[in-house]
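Consider the two complexes below, in which chain A is the common component and chain B and chain C are the respective partners.
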Partner chain A sequence: MAQATIKERKSLSAWLAQEKVFRLIPFIMVEATFLLLLAIPFILTIYISLLKWRANRPFEQAYFHGLLNYVRVLTTEDFWWALGRTFYFAGTAVMLELLFGFLLAMLAYKQFRGRRIYITIFLVPMMVVPVVGGYNFSMIYIDSGPLNQILSPITEAMGVNPRIRWLSHPIAAQWAIILADVWQWTSLTFLIFLSGFAALPQQLTNAARVLGASRWQIFWKVHFPLLKPAIMIAVIIRSMEALKLFDLSVLLTFGGPGTSTETIAFFLWRQVWQFNKYSFGAAASILLLFMFGTLIFYGIYLLVRERDIVEEERME
Partner chain B sequence: MKRIFLATLILMGITVFVASTAIAAMVHPGKTVEERAINGAKAYIKKHNLKKPKQTMLLISLFKNSQPKYLRQWKKLTGVEMGSIQYGYTDIPAKIMAEAVAKTGQYDVINHFPYVIPDAVGAGTLQPLDAYMAKGKPDFTGIDSGLLAQQSYKGKTYWFILDGDHIALFLRSDVMKAAAKEYKAKFGKAPGCPDTMAEWEQMAKFFHTKKGQTRWGMKFKQPLYGAQAYRSINFSYRHFPAYMGGLLFDKNMNPLINSPNGIRAIKEFTSIVKYMPPDVQGWGTPQLYPHWGSGRAFSFMSFPSAMGYANRNPKSKIKGHQLACPVPAVKGASGKMVRRAPQAAGTGYMVNAHSKHPELAYYFIQWFTGPTQGDIAIADPAGFWDPMRMSNLTNKAVLAKHTEPFVKMTMKNAKNAISLLMIEGNYEYFNVLDKNMAQVMQGNISAEQAAKNVEKGWNRITDDIGRKEQIKAWRASVASGAYIDKFAPTN
Partner chain C sequence: MASITLQNLVKKFGETVTAVAGVDLDVSDGEFMVVVGPSGCGKTTTLNMISGFEEPTSGTMLIGDRVVNHLEPGDRGLGMVFQDLALFPHMTVFENIAFGLRVDKIVDTEVKERVSKVATTMKISHLLSKKPAQCSGGEAQRVALARTIITQPQVLLMDEPLSSLDAKLRIEMRTELKRLHEELKSTFVYVTHDQAEAMTMADRIMVMDRGYVQQIDTPLGIYRKPTNQFVGTFFGQPTMNIIPGRVENGGSPKFVSEHFEMSFAADAIPGSSIGKEINLGVRSENVSIGDEGAAAEVRLIEPLGDETLVFFSCGNEEFLVAKVDAEREFSPGNQIRFGFLPGGMHFFDVESGVRLE
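For the complex of A and B:
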């Protein structure tokens, strides 16, 4: 029995070792992963989106519904509000993250004492689990919490109520989420820009200096164009993530007050897991995939174009 | 002819005797509900030859400190090891629906609110309990009809209640005492439990005090808000039916909110917010209870446990200074003054239809919610089960925990207890209502506009789920007495 097993193992390893089989292994693994993790779920999602199915009915009772789920999604006012809110959050947060990340990278790029410690500190927020970050911010934002206490000399001097209702005022709650996102993800843009700064060719800077360029001119005419690909990468990566904003909205405000912090991801979660509208949720997901996909591909196109321009300029 | 008649009579008598003996034989032995449940569980284990049976409860995390000891007790009594998996109550509905798809049978007993029943039954996750009840003979005497009706859906029983969690109003007795003279001079009556919602708002206005003011010989270092109540998304819907004072739909599932009564209800529900803490729209229990205990509000419409919380919490500044009141009345759809106390968060127990041993799980819930064992739980200092049986009025342990005035009030309030919507998709209906209430409270839309929006949203949901099915379920739940109110002859 044992001998037979050893023999089988040997023949299997011999079969796998064959050139024609061996070179197919990575391909099969990649394809299988693609099929299992992407293609099948994607096809299933499309299939479910074409059915009329709420989870409060057994799946056996689901029936073909054509494109009506898509029509429903597109005619649901809350969908558009949530989408608009998501773009507002993502746009504002990403802009601030780019700005702060860029400034921090500019500071940390230069050689100075303790630089490594600063870089490590700046990178810490990115490594904090979003749920933990969310809970921390929920405590920071309490009316009588540390943030309002720190701000109180300023707010009182301005005649503003020092108890800013960070989580219960519709506009303040939106900013509370944006600021928490900025705190967490500025680290990422900082890291991207820092690597961008590190990759700047020193000879171009030296040449500009020799030709009498000022610091501002060097930054604006030499460094900034070379950093454009890094900026595009930061924009694309952060936008992709920011458009999926969910955890902070749940942890800090649960979409409230009212619906003022309900993002599109939260809207989808609610439709599927609270209202049991599986096929509606599937249709909304597919639509969002196309919307966000178009934006991201356009971003990638811009990135590639920018890189080509930079390459051409270098060649010249 | 006479002989034939006599023979038929004797035959009928024999049939009745045999049938009743057979039924009696089916019922598990035991003088009490709890004994029959224990014997039922033992008989089931024996019949199925189960060795070290294990079951699991999907438990609301709020009960994590109080439920486990009863699970251990069940093991001692029957040998059934009942474990628990805990989730926040907002997460459990999704778990129930996921179970409908996955059919794992991972949970045998499910602990949650009754309004999960319609969706869960539709999805096939809940086991009807009627057949087991015939064997276990549970006893629901002393439970008011509005609470009892929630146990059933479409004519079958799915849920056993153990929590009279219908909303009530609490007032600050110390502040009322101090202000009694001034209040009486102004309104011609001493301050006390308000008869109507309008009167409550009048009291809220009167007692609303700014920080630093001195009134009635009391110096207010902190503001005293005239009122506080649940006004955030996921909570508003639990309170709104108290203002509606009637059914939310007519017999054909046409919403009744876009009517003079509905608009009045929205206005009353939202107008008192100006006397509440400005953050109230973002607050749930974790914020409201401590705020009430801190003494910064004059009145609080809440779940009944608020009173116990403020009396027992070591940091509370209002210990012994609370007056418990039933929900004030409104001029409802019928034009009469009615009190409606929504059963906002009353928990109970269900059996998973995909459990390997649903009958065994049933015996646990019969035992635990039984008149004797249930009262022990209600009296548990670590528990959140609120009084709900008439026997609670004389149970010393229950009175010691909840105080006699409170138990008396809550049992009186139970007469007005109504269910939240017991139809499929109820969470979506609730959400439409909540969102529009929030918009009115934020001043973005008028009550009239909100009524129109809610009507439109509710109709859309009804059509999406299937109007015919919804009408059937709605009519059945109205007929069961779950909302006390019945259809008006005109609708």
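For the complex of A and C:
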């Protein structure tokens, strides 16, 4: 027994004396940070999600509740509505961002006078703090705001009161949020596609031209397939972000009218901070983590597969 | 089939850069024309104007008897092989070769038939389902050629197509390209910076430098009678010896350089060079080493196998080179005498570099 301890101690000191220990030191820091910032809150969240605890009661009175919170989340209709709405917002916004980003990049990838200024201007929205962007849009949409000013010749001609309260109509409010998101994030897809276009080899275009392909054919047969990786990257990066849509909902409509612009992130926030349903919120966020996690991993899988195909071709 | 005619073709980039300064060229039907020159000489720009990627600043281009200045590249009835081959990486070899037919919306059965026929000619039938990146350098080269010739272009343009290959393969492909030219009987315009490639493949060569045409002639014509010093030194391995000096006429003509003198028979020297400062150009095979002539010391030996290059100098650091039979043995430090063969001397004007006749 004693011998074993000595042996262990010896091997430990021998292990410590090795050079590879130094290589591990940075990892220890990283792991510690990970534990502190991610693992502990994560485990706490799981723990809370298994309790029956509302913030208006002391924590000591909380009791173990099993998986009941999860059942409750999954049977709450508003949860599913908010989730569906989030996918609807994200899907529509990302699709529009891809379309506009692609078209803008197509216009900007060739050399022309003032190209740099043009590109810089199109990148500005991305750099605006989301809260500021959201606030600006709320100013644009208010009933005495510039949007109604611009539309007033038309609305007056139609005999409608020009002071339209856009954000009070469920569908208009939804589109107000989608458009604000599109305004802000088209810059990113534009940037991704711009680099995609810039990476297209000119010789391939020339080769296709000599072989008699029209501009249309060159685009669909040569450029578009080669841009596929860039498109995938844009879809995945933007979707991941768009599913977390929160600030625009808060700033423009505060989830309203009714719950028509309540995204899943907003729903969670409201459950926890307005209704104090801590355990419920914890369970819902764990469920969302798994849902979005699956999606993200699938996205990354697609991305890696795309990259592997390209690399494999290069290797051989 | 088609000839190509370029009339005073000029290309300027902006106000200051003149890439091509007036090229006149007639390439006859079925000819193998090689355009050669150092980088920046305007040869690729000339080719890009023929293909339609660059618009000429002025001048006329005809393919056959049709002015093609304003035609799209695809409407000029030509095929092109690019320096980096420009195979479509996302398509299989089959689809790459079929591209020219696909854009013409030719029916599937005919596409299959024609692709397999071309693939057989180019010996790449086994590659059809692969992607270009899976092909070796030589295979990719054949694929690029197959893609170009499947539409049966009247004119084939090639922009340094062999530059990405290793030395051995490059020499093999030269022969292959010549064979292809014999078979297709179409007009070839081939751009390269490699003088050996130009010599071995061309029916005629156009030499360019700094946007100007220097000489258009057959390979041997250019080798034997270069119009100026640039052309003389550009062709031939090793580079032609250039010796600055003066031609004097004291009874019999005499060439006087800083380190040696040499007299010649009167008919060996062009009359216009007498009394002038000139650069004497002599190729290594026209330098004789023997018992007569100027004295020199052997400095370096480079055996080539069948022949040996002997580098020698006349008391200075400028080496002259002679190509001698490998049987003859020299070693550094040997004292020798050398002379020039009468027919192998080129007299270039010092100022203009023009050959004096």
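Heads up, the rule we're going with is that the second predicted complex is superposed on the first by the 270 of 316 C-alpha atoms of A that agree within 3 Å, B and C clash if a C-alpha of one lies under 4 Å from a C-alpha of the other, contacts with A are read in each partner's own complex, and residues count from 1 in each chain.
The rule is short, and it goes like this: contacts are C-beta pairs under 8 Å (C-beta built on N, C-alpha and C of every residue); 3 or more make two chains touch, one makes a residue touch a chain.
Everything quoted here is computed from the prediction, not taken from an experiment.
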So, after the overlay on chain A, do chain B and chain C clash or fit? They fit
> Should A:214 be classified as contacting the first partner (chain B), the second (chain C), both, or neither?
Replying inline: second
With both complexes superposed on chain A, which partner does A:58 reach: first (chain B), second (chain C), both or neither? first
Is A:226 in contact with chain B, with chain C, with both, or with neither (first, second, both, neither)? second
A:168 in the overlay: touching chain B, chain C, both, or neither? Say first, second, both or neither.
first
Partner touching more residues of chain A, chain B vs chain C, is chain B
**Request:** Using the touch definition from the top, say if A:276 reaches chain B (first), chain C (second), both or neither.
**Result:** first
- Query: With the two structures laid over each other on chain A, which partner does A:253 touch: chain B (first), chain C (second), both, or neither?
  - Reply: first
Min C-alpha distance, chain B to chain C, superposed, in Å, is 52
Chain A residues contacting chain B in one complex and chain C in the other none
The residues of chain B that touch chain A in their complex are 93-94, 97, 100-101, 118-120, 122-124, 232-234, 278-283, 424-425, 427-428, 431, 435, 438-439, 441-442, 464-465
Chain C residues touching chain A in their complex are 51-53, 72-75, 78-80, 82-84, 86-90, 99-100, 102-104, 131, 133-134, 147, 151
The chain A residues in contact with chain B across the complex are 54-59, 72, 78, 143, 165, 167-170, 173, 253-259, 270, 273-277
Listed in rising order, the residues of chain A that touch chain C in the complex are 201, 203-204, 206-214, 217, 221-222, 225-226, 313-316
